[in-house]
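One chain, chain A, appears in both complexes that follow, with chain B as partner in the first and chain C in the second.
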Partner chain A sequence: MFTTFRRLSLTVLAGTAALALAALPGSAQDHPDKIKIGYAVSKTGANAGGAAMTTIPNYKLWLSDLEAKGGLEMPDGTKIPVELIEYDDRSSAEEVVRAVERLAGQDEAHFILPPWGTGFNLAVAPLFDRYGYPQLAVSAVTDKAPDFVKRWPKSFWFLGGGHDYTNALATLLADQVKAGVINPKVAMISVADGFGIDLVTAARPSFKEAGLDVVMDQTYPVGTQDFTTILNEAKASGADTFVAFSYPPGTFALTQQAQVNSFNPKVLYLGVGVGFPPYGANLGEKAEGIMTLGGIDPANESNKAYRERHNEVNGQYPDLWGSVITYASLQMLEEAIKRVGLDREAVSKELSTGTFETVLGETSLEDNQLRDLWFVGQWQNGTLAGVAPADRKGASDAKLPKQPW
Partner chain B sequence: MITAFSFAALAAVFAALAAAPFFLGTYGIGFLLGLVGYVTLASAWALFSGPTRYVSLATVAFFGIGAYTVAVLYETLPSWLVLVVAALIGLFVALLVGLSTLRLAGVYFVIFTFGLAELIRQLVTWYEVNVTGTLGRYLFVDYGPEVVYWKLLALCAVTLAIGYFIKRSRWGLALKMIGDDEVVAEHCGLPTARVKLALFAASSVIITLVGAIQAPRWTYIEPTIVFNPTISFLTLIMALLGGAGRLWGPVVGAVPLFLLFEWLSANFPDHYSIILGLLFIAIVFVLPNGVLGFFEEHWNRLRARGSAGRTELSQDREAG
Partner chain C sequence: MTLTTTLIAGLVLGGTYALVAMGLTLQYGIARIMNLAYGDMIITAAFAAFVVQALPSMNPLIGLAIVVPGGFVFGYLVYVFLLSPLVKRAPDKATLEVDSILTTFGLLFVIQGVLLVLFGSNYTSYTFLNVPVSIFGTTVAANRLIALVLALTFGLLFYALLTRTRWGTALRAVAVSPQSAQLVGINTDRAAAVAFAMGTALAAAGGTVISMYQTFTATGGVVFTMKALIVVIMGGVGNLLGALTAGLVLGIVETTVSTYVDPGLTLAATYTIFLVVLLWRPEGLFGRRVR
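Showing the complex of A and B:
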């Protein structure tokens, strides 16, 4: 009764080729006809916005790439078409857990792609572990990744933790203070949400260690639209640096009201949303100098090509933080399968120890975590360039102070 | 009247359900777990709201309290004690809320209970932001979903038993009267406030326990995750579909609806919400008295063809 699942069969293009190969003696006889790839992600509900920006378009892009290639390549060169099984977790933790149970237990998916968000990735982590699926958690910022890797050895964490981002920002600011560009005072606000709280909790010690003086530290509730009072207070605090660990739509409201109130800090750092392509497109020249989490290497050609293909397939450019990493994680999965086949244990081991050529360049994991990341990005010449860590290959120089609106 | 035979049949059903994890895969267990969870929630909700007709949207407030208590205490206390503490906190909040609000009637009560869930969510958020400095809590347990399932199943049996004994007792009679006409009940000398309070507390404690038992399913606890208002609405619609005034009503409502949700999410993940909305409208229009009420009404009509006099009586009762 519950077996007629909605399935989007991707291609039979390679079917004929695969059959021809299968007919040859000694080749590909134990391969399945199709490789089932499943995922449950928030297509509706509170998490839909984030999932529709960072996760779903990249899954679609990867699947369409696979379709064009004729499927996933096996170690013997056989290409097997992919069958997609897709569920909507409706932004409910119980639903995402059950959907993954369904994917693993009922649909017997060969591989399962992770959901969007820190909480949901953690909710399904014990299941991925129990069934032995590698979990390539991208849209999860957590300082506890090393603990999680010990607990769930097949889990992989790609986006770093709160401290990584705030330490990088603190270092950058401290250097600017030393250079005499800005004063050491920082005004800081954060949204009372998982993201804002994690980052501000990490930022306090980071800033203190870097010798910065936090003169304002406020939290605002989710859904705040009027930031006039906060901005006035920040202006009055005399701080050259304004840091907001904000979330959309707060980030957009802050940007707009900073212009209206002619609030011109020398460093303007805002949270999630600054890396969305429409942000730069809408602000144009005015975006120049604004800082945030993430970024890309503007000189990386494969990243450029990836951005164009993302636009072709999805009708929108990817965001400049998590998207490219989501796609890179999928490329790693594809390559690992090509090297060792469908054995999930072997694939996990390969992901853990192997080195891969992805849109990020040469990529490998340390202790199951991607550590080679852009922690601070700045809008420069119409793109969000990665500026910290400054010693990373391809890093752009931070351009400060930010010019007034 | 439940005879010895029906008791035996019931015991057999529960025994079969308890043995199910040995024969099912994780998906099957997860499915049954969700099902029993909602049956318990709907039955607990109907315990109070069925007879009194006070529509409560506070389900998720208590559910979330239970889940949070476990997230805070699971490392420091043995698991049975955590459940006891959760139940006590649920009881305390229910008494506090009950004392201050059960004199509200009708739509005011609905609005208040809806607000309560949001209030508690904001309080927890405020506390986590300002005192602990972290919003998410990790909840690692070393047992699998089958243990969660067995605990829920036991709670479900207890809930149904409580419902059964209340119906048989003088309390049940008192509640029926309050539901039919509170003013009359008061004038007959019923301590209406106390009866309602006791029932509200019992129902809330059970709901708190459901949250506490289910929390380990998610590994990560956050206010937005455990105070999800959908839980309140689903519980309500399940109880209403079956018929909130009857002992088996919530079960009759929860089982088919849960099956339907599962079927819809598996087969129509993109149209789930639309189909669900249409269904809710259909339920309210076609089955305003619930499935059991619907059947009872038709049964009465059939019988009434024999004696015209009884029709009016039974229809009066339905309308009242």
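Showing the complex of A and C:
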């Protein structure tokens, strides 16, 4: 009874509010009162750890920036406040599809931000396409991006493909072999799940072409916490390079156990998690020399400023791989809207062809993909410096061999 | 890698499994509550340890002195307010089992939700005692060795309590037959509450130790519940030494398979041995045959 009454009064209230709003004289006739921005992302479940690091804080930061500015700017200079619609997909692919459908159909969001993870971005790509929304897929690593762009012309891919990362690593290693720093033997392990499988499949041909000799190639199940046997085997293999395509829990465990077992390969390359700020903070000096995917240009001032603001708003520093790119993609969206307005078709075209000033510097897409990326990063002087591609502006020199723990 | 190395690495890994499973076996065996929120209680303790160790001049080992009694109190309250009403109204064991599974399934989400609000969904970890210790020429991490030592200590201590004291005998009587236990003047409700609280205290000890070397998230509890459940069923429900042995066996099997076969097959090995034990002794390695 009580709840019914409450619901009733809420409806009345909402109705009154709507009437009051309608009665107000419109400030800008063409524009809606509010721009609805929606997203569905994993706030709980297996993907929550990754989403809470790379995606959600950057959405929060961007929205708080917009609030401070008074909203999204239109081509005529009017600023329209943003209304946020947020769903938790509970790390379920069905749920994320349902939520995006709801955002597009029921909520009539003006723009939808993408979910976290390669699989989830692929799951919602057909929906974004069908409803005509641009999809700025950042936390998705896929070699098939060129195909996807053909299939879904309004999809944008920001993080490269597995081959980009493994080719860059293979080139870097081959150079070090040539310089006589390391031997050509590589011990490689990977987690038996999406990321690990993709990367190791790309790594095998990359390493072979570069003339590297993979002496150990093993997979381990998700959730493995004890790597003692694996590390002992890698130690015995005589390889100077140890590569692990691991998820954060595995990355942290490998780092700790490598120290305990005094496992000191000359190149230590680990997967997701090395770029998380607590990783560097916990390890301190010991992090120096560890390599992974991603990285930043330590001299880039706008990136530095972004990191500080991220910390102010979220109480944590961003990770050193996908975070800054997530934020840059949002800046591109904001700027594209400022240039062409709320027409999603025009915004997509602008994203595809325009050049934007973002935290990454001058940014533009090639064939709907961001190609100017750091594929190998190395902890140097307390930050994860981008070391490959070595010819990219702002690249740091790889410092090898890594010093023993 | 030599056989000794494999064995010691296996025992150290198994120590964690055993420590985690013993609490569940107490809860399921004596209090008759199939606690699906068990893993989340472990995670809660891990977060508590994380908070405690960050305080000045504290470390997780001293933290045990706070977190474990805290776990006991929490477990006691959960039993008295949430589970005791179910026990009182359940006409038979099967009903209680279903009711307790549903209730603790709900509790799982409550705990998870609170942790998500308090700590967010990030990966959490800190470093403590990550130093090598050499045993018979094998290097193991000190923090993992602590897990093994604690598992053995708690296992034997609680075993002694249950078999050598009058109070323990009463608990075992409740485990065997709650109805008959009442006839000889045992307060079954209190005994069950204490057993449940002790189980939670063990979960808290496990969570604290695990937090020293493992990365955890607010939503990661279910993994621990699963692993603990396997160990408990393998060891025989309600049997502490069974859980201890089964945990250690599981650790050795995983390490052996990882060393001599393939690290990718450790999970398969876990479930194979689980299946074999169930086919060969459905009541578990140390369980009593139930008629």
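A few points about this structure:
Assume the second predicted complex is superposed on the first by the 377 of 405 C-alpha atoms of A that agree within 3 Å, B and C clash if a C-alpha of one lies under 4 Å from a C-alpha of the other, contacts with A are read in each partner's own complex, and residues count from 1 in each chain.
Simple rule for what comes next: a contact is a pair of C-beta atoms (placed from the backbone, for glycine too) under 8 Å apart; a residue touches a chain by one contact, two chains touch by 3 or more.
Note that this is a predicted model, so its numbers are computed, not measured.
Legend: residue contacts after superposition of the two complexes on their common chain; A:Ile197 is shown touching chain B, with no touch to chain C. Residue contacts after overlaying the shared chain place A:Ala46 against chain B and chain C alike. By the touch criterion defined above, A:Gln256 lies against chain C but remains apart from chain B after alignment on the C-alpha atoms of chain A. In the overlay built on the shared chain, the residue A:Gly211 is in contact with neither chain B nor chain C. Of the two partner chains, chain C is the only one that A:Gly273 touches; chain B does not reach it.
In the superposition on chain A, A:Gly105 makes contact with chain B only, while chain C stays out of contact range. With both structures placed on the common chain, the touch criterion links A:Thr219 to chain B and to chain C.
Touch criterion not met for A:Gly77: it reaches neither chain B nor chain C. The contact surfaces that chain B and chain C form on chain A in the two complexes overlap at residues 43-44, 46, 192, 219, 221.
Those residues of chain A that touch chain C in the shared complex are 43-46, 48-49, 51-53, 189, 192, 218-221, 223-226, 228-230, 232-233, 236, 248-249, 252-253, 256-257, 259-262, 273, 276, 278, 282-283, 316. By the touch criterion stated above, chain B contacts chain A in their complex at residues 25-28, 30-31, 34, 122, 125-126, 128-130, 133-136, 138, 140, 144, 214, 217-220, 222, 224-226, 228, 230, 262-263, 265-270, 272-273. Those residues of chain A whose C-beta lies close enough to touch chain B in the complex are 1-2, 4-6, 43-44, 46, 86-88, 90, 92-95, 97-99, 101-102, 104-106, 118-119, 122-123, 125-127, 130-131, 144, 151, 192-194, 197-198, 201, 219, 221.
The residues of chain C lying in touch with chain A in their complex are 1, 5-6, 9, 12-13, 112, 116, 120-123, 125-127, 130-132, 139-141, 213-215, 217-219, 223, 254-255, 258-259, 262-264, 266-267.
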